[in-house]
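Next up: the structures, one after another.
There are two complexes below, and they share subunit A, which is joined by subunit B in the first and by subunit C in the second.
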Partner chain A sequence: MITKQLVEQIEGEASVYFDIKNEKVDFATVTFPHFRGMESILETKPALDALVITPRVCGICGHAHLMATVRALEDAYKNSGYEVQLTQKAKLIREFTLVMEMIQNHLKWLYLVIIPELNKLLHYDGQKSTLKGAYGASLASKAIALFGGQWPHSSYMIPGGITSDPTHIEVMQAHHHLQELKSFFEKESLGTTLETFLSFESCKDFHALDSDIATLEKHLIEADMHQKGFAHDRFLILGEHTFSERTKLKHTRSFGVDIKFVTTKPSFSPYEKSFAYNALYKNDYYETGPLARMMSSGLPIIKNMHRRFKDSAYSRVLARVFELSFMLQHATKLLDKIDVAEDSVVSLVDIKKVWATGIGVVEAPRGPLIHKVTIEDGIIKNYTIITPTQFNIGSDTKEKPTSVQHAMQRLTKEDALFVFRTFDVCSVCTTH
Partner chain B sequence: MADRIEGVKKLFTSKSARVETNRGDAYYEKLFQKCQARIEELKTQQPINNRLEISDVLENHGIERRDFLKWASAVTGMLMLPASFTPLVADAALLMNRAPVIWLELQDCAGNSEALLRSDGPKIDEIVLDIISLEFHETLQAASGHQAEKQLEEAIEHFKDKYLLFVEGSIPMADDGIYGTIGASGETFYDHLMRVSKHAAAIVAVGSCATFGGVPAASPNPTGAVGVMDVIKGKPLINIPACPANPANMVGVIIHYILTGQVPELDSLLRPKFAFGYRIHDNCERRAHFDAGEFVEEWGDEGAKNNFCLYKVGCKGPMTFNNCSIIRYNEGVNWPVGVGRGCIGCSEPDFWDKYAYERPMADANIKAPTGGVEKTVDEFGLGLLTAAGIGIGIHAAASSLAGNKEEVGE
Partner chain C sequence: MHSKHATKPKLLWLQGVTCNGNTHSFLNLSYLPTLLEKFDVLYYPAMEAQYSFEEIVRCELSCDVLVFEGTYDPLMVRGDVPLKKILLHYAKSAKTIIAAGSCASFGGMFKASAPERNSGILFDLEEKKGPLVALEEKVINLSGCPIHPEWIGYTLSMIAHKKEILLDDLHRPLELYATLAHHGCTRNEYFEWKVDAKGFGLKEGCLFYEQGCRAPMTHASCNKILWNEVSSKTRIGTPCFGCTEADFPRQNLFSTKTNMSIPQETPLGVPKRSYLTMAGIAKTFHIERLEGKLIDYKTTR
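Then we have the complex of A and B:
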């Protein structure tokens, strides 16, 4: 029997159609029923208008979209023979705000989605602590606003650099917000210091803690999530950053990758019109996002986790908590390196002289975000956006299941819906 | 429909957006009595759905009474009421859990929910909003599917003709609405909005998509997106545009409603005057540089380093009405102009197509809604609005030609 299940709280809405046999999910397809047509809106617009339009694709990772756009435009400059050499300061500040956006995303996901959903699954009442997520996220977005002007929907990156020209005061204030966020996270979420947490070597180390995260770990085991929710054990990272390198992993082995092998195809949605396209790499489905990035980071605890529990829902959820911790430390390092005396932006030729195609790739909270733009005479001729959820939450036939479809198979419907959320779905990005 | 929409957009003038703040003691005395009576009545009612008492939560968050009153006096000022109203505003805030609010998310990016409920606004706004009776929010509420629909129906029935309906996102009308469906039954956004709005006391359209269609309605408008005001008739409607809408303005509207039981005074685009009676340019921290003829000529130049006026790199502040130059974003931390990015006019109709990015106003096809910047231009009034836009253009061009800032200041 096919049952439709609506999934909310995912930046928009999705429907999962379950084919249940013997009370287990035999197969599931995913439908994204909303559409805005961002790509066709971008076409015929002046090239720089993309900088204010694409962040509006998404209310939670708009910053990643901005960075993908600016990278795509700079790549087009390069392909026209005008290579853009960013100053170190511009690079660092862009990276810092991107990392902070990732942090607020993970915090919200943790406290607004995963902890409450896991409690629901286990029928625990559980004290609602959504305000914790909101408070932590507001600190992160304040730090973004210092350099970016506002969050969400900031547009302060431009080809050649950034528009803001911070002084020591802004850098100091950013340090202050970050420090407050770190202390808050250590005290309210981890129950230990970031250093201790990141030096964990085994999942057993959680047992020494008494905190939200320790409870989360305990509940994941209780719900058997270490034995459920396995995807293909293939990971893909495409964005190049101070915290990531372009690579793909099959199990733990790393291989080189090229962006040209990324393709899309219409998603398989037999029961309802879906506006989504699946994203593939060399015609295969890969998992992207925090688990993928943490797998390539070489953190001992992640290796241990993967050795024991592979790419289970347990690993996926906790990898995100580790990434959150890692990023909090990383953000401090980025701030420390900023030299405010450097220029914010380098001078470029008029964009009307750029007749080329450019590709911008960024690691967004959920994985690789790809923007491809073709400009002629300063006007956008073509714009293509591929978002991380298209990699993770594709919908294909039973013979070729996507990461999420594979992860939901043979589970009860309730378990499957929880596993669905462990991927951190973004509906508005998927169909854009 | 298109003609009507265009007609509405042209009605706006900067004078019509101003709030009369000096109506005499008799007026405010009467209003005070009325609000007081309403607050007393609300106090006798129970909070909705056993929501938390706001005073308890504030206490748990370590917010002292003194800070709370400070916040209340700021809100009183924002609503353009005399200071004597501060205790009433404080009471109204504590009674916010008596106001039923239903929130609908339609064709959007969820950015306003993000701005409102999770990331932004002065600390107290955020807490107050988190526990306010948001009866039904498609993104945030935990229930889903049939359960959620049932909840929604119950809320509509229970608070019939009393609830405020907040709408985020545009309504895709093309191809019979197939670009946005909602709920287990696959109802189109249009039908859904019609059904839920039928028994609303008032509708609040939040963000540029819900007010004027926003990004989805930008040319070529692939999904036929329109704003709430284009499809709803015969209901009190409040528009809170901007991308994202400022949480402080949402709180302002709710408090005003609790305080008076009415919608706040609106301009011709149905925006509350307390928030949109300001022109960005008039309260901009860089305004003095405009007057002095000091402009950023290109990104990263000496002007940029000295926080000069962003007009020539495309700032649409002179054409945009909103209070972000005063209340800013993210708990007052900053706003786009603060980081050297000009205003893009995100609270004005059609800004994606008309205002956009780096086109100085004189080059952009904008019919200015105001009498321009300088006094002399101001006096021409409505008839010469386009000329005013050009006037500003000339002023800016003259400054670069003259090459001598001091000479073109006036």
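Then we have the complex of A and C:
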């Protein structure tokens, strides 16, 4: 029998259609029912207006969209014969604000989604800690706003660099907010220092802690999430950053990748109209996002976790907590390297001289975000967007399950719905 | 499911066609926990509240404050129930209806998704043609893309304290929208003496003359009540895009249309001829202090 479940309090909403046999999910399909037509809104617009429009694809990762747009426009410059050489300062500040957006995303996901949902699954009526996530995220947003003017929906990255020209005042203020956020996270979430946490070598190390994260780990085991929610054990990272390199992993083996092998196809949604397209790499489904990035990071704890529990829901959830910790340290290093004396922008020819197609790829909180733009005479002729949730939360047939479909199979409906959320679903991005 | 705090106003946050930007902007409010204490939150899109969305769309509950985020699409269906039905049901019982952000206020970014039918809840651009025209006296527009956390913080606090909120013709609170985004801009001196920014990525210069800044024509308090408590677009060298006005998003957002190097549109309410005369005079001044770099890190060592 097919039962429909509306999933909300993700970014937007989705419907999951479960085919339940003997009280377990035999198969499930996913529908994203809402559509906004962002790509067609972009067509015919002046090229630089994309820097204002695309952040509005998503309220939680709009900054990643901004960076994908600016990279796509700069790639178009390059393909027109005008290579853009950013200053180190512009690169570092862009990277810093991107990382801070990822941190706010993960904090919200942890406290607003995962902890309450896991409590619900285990029928625990635990103390509500949702606003911890909002507080931590607001500190991260402050640090972004110092360079980007505001968060959400900043448009401070422009072809050639950034619009801001900070002094040491802003850099020091950013250090302060970041330090406050780190102390908050160490005290309120980890129950230990970031250094200690990131030097964990075994999942048993959690037992020494008494904190939100220790409780989360305990509850994941209690819910058997270390034995549930397995995807295909294939991972994909496409964005190049100070914290990531392009690669794909099959189990633990790493291979080279090329963006040209990414394709999309309409999702399989037999019971309701879906506006989503699945994203594939060489015709296969891969998992993207924090678990993928952490798998390629070489962190000992992640290796240990993967050896014991593979790409289970347990690994997926905790990889995010480790990525959050890793990014908090990484952000400090980025800030430290900023030289305010450097230029913010390099001058470029008028964009009207750029007749080309450009591709921008960014690691967004949930994985690779790809923007492709064609411009002629300063006007957008064509714009396509592929978002991370299209990789993770595709919907295909039973013969070719996507990462999330595979992960939900053979679970109870309640477990499957929790596993669904471990991927951190962004519906608004998916059906941009 | 009876509320434990029946005396508090019941708040419901509903969404139309949206990016969730207003939901996330609100979470940045520094006094969020104390503000939420004053309300009984029935539903919020990004965190657990009293009811699930499925319970909300049954339209059996009532609320005192309805916050609506996103463009209104009359054909939209949410949780198998037409959005129109859900909106009208809760709007009827609500004492105050807040349009959170420019999409809900005027149509905004996602009016373009279906321009022939999408609108704000009261206004379609500047015309009162939305679904809540009959209830217009209850509607407060908090335009902005996204909503400024302090602006919704202010509005909800005023409601909790039972204070009257004065509105402008577009139903925006005067205390937030009577001034222009230009007020409090740190580049004001450059505006005063008509010194253009020589490009992006600079501390110096006004962005009104070439970079498309619409702060002198835009009702907002972004430079008075700072974003994320620390900054604003113009402070970090990004032009104001006029996102609180009914015509957002306009086009060519990073450049100013000029006539003989003077912006085609003059600051709000300033007669064009007088402005041209004054700007012409100011441009003849050479104020060395405003022409060079404020700080030259490379030579001052």
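Convention: the second predicted complex is superposed on the first by the 432 of 432 C-alpha atoms of A that agree within 3 Å, B and C clash if a C-alpha of one lies under 4 Å from a C-alpha of the other, contacts with A are read in each partner's own complex, and residues count from 1 in each chain.
Everything that follows uses one rule, which is that a contact is a pair of C-beta atoms (placed from the backbone, for glycine too) under 8 Å apart; a residue touches a chain by one contact, two chains touch by 3 or more.
This structure is a prediction, so every number in the text was calculated from the model and none was measured.
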item: Clash or fit (per the criteria above) of subunit B with subunit C on subunit A; value: clash
item: First, second, both or neither for A:Gly239, with subunit B first and subunit C second; value: neither
item: First (subunit B), second (subunit C), both or neither touched by A:Pro152; value: both
item: Contacts of A:Lys273 with subunit B and subunit C, given as first, second, both or neither; value: first
item: Which of subunit B and subunit C A:Val340 touches, first, second, both or neither; value: second
item: Touched partner set for A:Gly358, first subunit B, second subunit C, both or neither; value: neither
item: Partner chain(s) touched by A:Thr167 [first = subunit B, second = subunit C, both, neither]; value: second
item: Contacts of A:Pro368 with subunit B and subunit C, given as first, second, both or neither; value: neither
item: First, second, both or neither for A:Pro388, with subunit B first and subunit C second; value: neither
item: Contacts on subunit A seen with subunit B and repeated with subunit C across the two complexes; value: 6, 8-9, 11-13, 33-37, 41, 45-46, 48-49, 51-53, 56-60, 62, 108, 112, 116, 130-131, 134, 137-138, 141-142, 144-156, 158, 160-165, 343-345, 347, 428
item: Subunit C to subunit A touching residues, read off their complex; value: 17-25, 27-30, 32-33, 36, 45-48, 52-54, 76-80, 109-110, 112-114, 145-146, 199-203, 222, 227-238, 241, 249, 251-255, 295, 297-298
item: Subunit A - residues contacting subunit C, complex; value: 6, 8-9, 11-13, 33-37, 41, 45-46, 48-49, 51-53, 56-60, 62, 90, 108, 112, 116, 128, 130-131, 134-135, 137-138, 141-142, 144-156, 158, 160-167, 173, 340-341, 343-345, 347, 428
item: Complex contact set, residues of subunit A against subunit B; value: 4-13, 33-38, 40-41, 44-46, 48-49, 51-53, 56-60, 62, 104, 108, 112, 116, 120, 130-131, 133-134, 137-138, 141-142, 144-156, 158, 160-165, 272-273, 275, 343-347, 428
item: Interfacial residue positions of subunit B with respect to subunit A in the complex; value: 61, 105, 107-115, 117-120, 123, 126-127, 130, 138-145, 148, 172, 178-184, 186, 214-216, 218-223, 225, 243-244, 298-300, 304-305, 328-331, 333-341, 344, 352, 356-359
